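Listed below are the structures to be examined.
Note that subunit A is present in both complexes that follow, paired respectively with subunit B and with subunit C.
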Partner chain A sequence: MSEGHVASRKVLNRFGGLTGLRLAGIVVLLAGALAFPVVYPSPTATNYGVYALIFVAVASAWNFFSGFSGYISLGHAVFFGSGAYALGIAARDWHVTGSGVFALLPLCAVVGALIAVPFGLIALRVRRHTFIVITIAVFFIFQLMAYNFSFTGGTTGLDAPFLPWAAATYNNPFYYIALGCAVGAIAMAWLIRRSRFGLQLRAIRDDEDRARGLGVRAMRVKLTAFVLSGAVTALVGGVWFFYLTQVQPPSGFDPLFDLSVVLMAFLGGIGTVSGPVLGALIIEPGQLYLTANTNGYISEILLGALFLAAVLLMPRGIIPTGGEYFRRLTTRGRAAIPAIPPASQRAAAPSGPRSDEGATREDGALEAARRRAGETL
Partner chain B sequence: MAREIYQAIVDGILVGGVYALMAVGLTLIFGVLDIINIAQGVMVILGAYLSYELAARWHIDLFVGLLVTVPAMFVIGVFIQWAFIRPLRGRERTSMTLLVSYAVALIIEGILYQIYGADSRQLNASYVISSVHIFGFYLSDIYLYGFALALVLVAALYILLYRTGFGRSVRATMQDQTAARLVGIDINRVAAITFGIGVAVTAAGGMVYGATNSFNPNSGYDLISRLLAIVILGGLGSIGGALVASIFMITLESVVDIWQPEWAIVVFYAALVLVLLIRPTGFRGRQEVRAQ
Partner chain C sequence: MSILLRTDGLHKSYGGVRALDTCTIEVGEGTVAGLIGPNGSGKTTLFNVITGYAKADAGEVYLADRRITNIAPDKVFALGIGRTFQLTRIFPSLTVMENMLVASQHSRSGARKRAMEQLEFVGIAGYHGTLAGTLSYGQRKLLELAYVLVADPAIILLDEPAGGVNLSLVNHIAARIRELNAAGKTFLIVEHNMEFVMGLCHQVTVLDSGTVVAAGPPEIVRTDRRVLDAYLGEDIEDAEEDSGEADDGASR
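And then the complex of A and B:
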């Protein structure tokens, strides 16, 4: 996770962190995502696309709070469900119909942010296990409220306004909206990661007390990330509700939702920008396929088993583990990080009777250590 | 009205005893292994299904059946610790272990659904329906027996922890793992056995829970959310705190239930949030809980 940030710092100044190759890759991926409904126009395919993108957006949003700060939230369904309910209640009470409902989406984000402030002020006072448990507790409070209040429709939940669209292309607008959310969330994650704010978040993850000692306003930083993450998640929740056209307490506030999102981030590589995206693209379609083709409990068992396998075999996730493997492959056993000073400068340093290769390796190790130290702060 | 409140308090104390048993298992596991076993709730349900299986298929009495289910759950616990918890190392261990136990919960829940479906069941025995009338209170026999069982088991745990050599090594590990290892305690063995014990008590808890409530594979979520609130309130890793918090919270819920049955469970979380606002470590929490 340090590589992306520090190793390309030189390039970063000139190209804004994007090498030509990376930029080309992103353009190709984006073009592919834009063309997907044209190439595969069947509603079944676009349905997979919409759900995958919804979870790409949510996993990225989860990651730029939890992955960067180390505060694992198992309560993001609070935002997701609140966004869904906010949209449903607003559309019902203000008699918004048809595609006008899309104009209400910013409201979902505002509701998410408004919930995140008190939630964060309470939960972010405690750390580690206690934080996780508080997020679970708040999650259950919200589920209960959805069940018990009358304005949420109780057990029957809410229905979304009807959209008079043709069934064949019904999914397409949702696909592009979800794509917009996903790109937005990824961009936010990327920008936060590069910024001073992101560095402060990771300093909190590594050692909160030291970060505080170094002048990081921990509470403010954590809360800002939490609110941003909650707002994005709520917005996506609104999209999800409108797409599904209904929400009930157990589907809007679903414990499996939290676990899936965390699993996506962990499988891909927590704390990286691309990891949660990859994880979501693997898990969500897989889950949809299994739910459609089995009795649903199998997918639950497999989700759990996949998670156990991922944690035990690749504890750092696909992106970091894969990146390491790739680097080892391309360097063929030489030091992974080449020495930065050119050979002419290195010759001036007292090197003793060592072979050139040995010197390279040692310089590489020193450089790596320096980078690690830089990363921690 | 006053009569109803007294009855609710008595019920709450009796049921709270059973919750105390399950919460002690959870907090013990936390104290020794530094993990929160999210699967504790579904393991209680698994224990209930095991009792159900013994009672329905082989007509073994619920309490006699514990002689089978408790060791069975112990073995399951030791296996889970050995296979999934022990290999975890490194910086992300805290969150990883929590998620691993969540994943274990999902797998168990899925398997239970696969076998038993989503229908609600309840354990049956003659003492489940009968009740006695003491001092003007109607007490269901199963509540009394369950409370007695919880008392016996908590006392047994107490003796194990405070009167045996093994208990001393458990307490030493809870205080300081490194120091415990330095004086020659086999941490891995202590961790495995503690996890096993923490899970084994759910067999007993599950039996009483299954006899007093109808359950399906999904009931684990309701249980674990209560248990988590209890152990956090009592202070993570504090056995005494877990006992006090269980009785207190369940009694409170039982009393609120008279007026607001739908909202009674919210009392749990509201109390949790309130207490943590004032005292982030819970009633009797160790100070380290706050440190990262």
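And then the complex of A and C:
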């Protein structure tokens, strides 16, 4: 084995779990994403790209809280809208103009994080449907505040500072900023999933009380994920506002936003890193296309139908289900994934217990290995 | 022998039901203590109060000399009390190894090594990459024991470790407990399997209606009139009568 090969293996090991093929796939995807505005320079195409990437970022951020912890938030529009309003208010009150407004984006993240702390401290005390109801309630409180406060511009909302850029390439800087947000959010999701923190989140999803009894400080873990997720969502909300150039209460705090983001994660594969990315890349351009080419309500009806179909037919999402299918194809006719522990380990436990349901265990382990193969894609 | 775990006059009510009533128990360091009593006598409630899953209305819990009454479960665990549940609770969508790492307080590489040692000890190391949700009930019991062990607690509370598992697994679990105890671990065990309790425990405490009705070595407790009345009485007497009749039959 050459030294270069050994060195590259070490690098791969450092990125534990990233096989050569997968790393190559990521590089190709990233190169494609970087080249997209060059290959498809029309504003229509780049507009699709900006929106798709905004939702890739938001769906990933939603997922590394809700997907990993099992706390389904239907109130992430609170962060998205607050980020948008924070940028608009700061630019207006501090008289920031032109591309200098981009420098205010970190402020959006800070505002998102600051809102997430009290929001999380209240909502994360309860679980499951009660949590969902509280997130919806907080969402409507924020929408009402946006309508009724004067500093938010009331029903007319806020306009973003004008950018004197050429129309033909106007979208490109936004595209690359949105791409940066998307890559950042995906990287965060990936790092969290691999970390001890991510493991604790997933343990909370399975059995929070049991996790607490094993030393997991559940509130701290959940709140940290909620704050990180809220900060990223708010930052992306700021990008969205500046790109769209305006925000009103029903667009900044839009219930359809929450449904779309949840659908993206569910369709692609909730709790996986790549699932929400895939879901966002399917749904957001689809929605834009339908909105542009049909009556507006058709896209909403189709969105609802897709949600139902995804939940009923593929409850685990495309990535886990597809991964499982792919595994089944590639292992057909061969000895499948080793379901039985290696002989050396079995020999190490001669008095080991025999399964009460021994006949089904092998099938179960095989199924498990397949599921894992799909879920960690 | 010093006292490692002590409860002092614990009270706990659920609505109008008194689950614990002036409940005082002691577990000596390095012993295997048994906690028995009829269904609804407050055994699991006592476990819940000790481990922070339920708040005591009155009374105290001490670990060595430290008062730990009504502190959160994660803090109880960090102080050195690990427990298992009557209905086994594992993390089904995590692998067996990931289940172990949830409880581990060690650094990453050290944690994996120690987790593997514990899995080997209980006999399920071969399943480390398997999703825990696909394990059999008995294997889940062992996984639960293993991930409590991985953090090296001072005392381990086992809630019906022999419940619902076959005889060979019961013996396997008992052997592991004996080995751990020989190495200095302290146990408090709730169990309905009397053979398991009497064969394993150095001390047995009997609860009835949330109150301790007897405590002492198993051979003494076994013959205590109050215990027979509260819990063992009918079974033992019935069993003795049955066996007497059988003997009579055989001698005829």
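Operating definition for what follows: the second predicted complex is superposed on the first by the 319 of 377 C-alpha atoms of A that agree within 3 Å, B and C clash if a C-alpha of one lies under 4 Å from a C-alpha of the other, contacts with A are read in each partner's own complex, and residues count from 1 in each chain.
Here, a residue touches a chain if its C-beta (ideal position, glycine included) is under 8 Å from a C-beta of that chain, and two chains touch if they have at least 3 such contacts.
What you see is a predicted model; the values in this text were computed from it and never measured.
Peer 1: According to the stated criteria, A:R217 is in contact with first (subunit B), second (subunit C), both, or neither; which is it?
Peer 2: second
Peer 1: Who does A:L199 touch here: subunit B (first), subunit C (second), both, or neither?
Peer 2: second
Peer 1: Just checking: does A:A305 make contact with subunit B only, subunit C only, both, or neither of them? Give me first, second, both or neither.
Peer 2: First partner only, subunit B.
Peer 1: Classify the contacts of A:V138 with the two partner chains as first (subunit B alone), second (subunit C alone), both, or neither.
Peer 2: In the superposed model, A:V138 contacts subunit B only, not subunit C.
Peer 1: Per the contact definition in the header, classify A:R22: touching subunit B only (first), subunit C only (second), both, or neither.
Peer 2: Neither partner.
Peer 1: Quick one: classify A:H129 as touching subunit B (first), subunit C (second), both or neither.
Peer 2: After superposing on A, A:H129 lies in contact with subunit B but is clear of subunit C.
Peer 1: For subunit A, which residues lie in the overlap of the subunit B contacts and the subunit C contacts?
Peer 2: 207, 209
Peer 1: Under the stated contact criterion, what part of subunit C meets subunit A in this complex?
Peer 2: Those in contact with subunit A are residues 51-53, 72-74, 76-78, 82-83, 85, 89-95, 98-99, 101-103, 105, 108, 120, 123-131, 133-139, 142, 147-148, 151, 165-166, 168-169, 172, 175.
Peer 1: Quick one: which bits of subunit B touch subunit A in the complex? Just the residue numbers, please.
Peer 2: The touching residues are 30, 35-36, 84, 87-90, 92, 94-96, 98-100, 102-107, 109-111, 113-114, 221, 225, 228-229, 232, 236, 262-263, 265-266, 268-270, 272-273, 276-277, 280, 289-292.
Peer 1: Write out the stretch or stretches of subunit A touching subunit C in their complex.
Peer 2: 196, 199-200, 202-203, 205-207, 209-218, 339-342, 345-346, 348-349, 351-358, 361, 364-365, 367-369, 371-372
Peer 1: Which part of subunit A faces subunit B closely enough to touch in the complex?
Peer 2: Result: residues 70, 72, 74, 122, 125-130, 132-134, 136-138, 140-141, 144, 147-148, 207-209, 255-256, 259, 262-263, 266, 270, 295, 297-298, 300-301, 303-305, 307-308, 311-312, 315 of subunit A touch subunit B.
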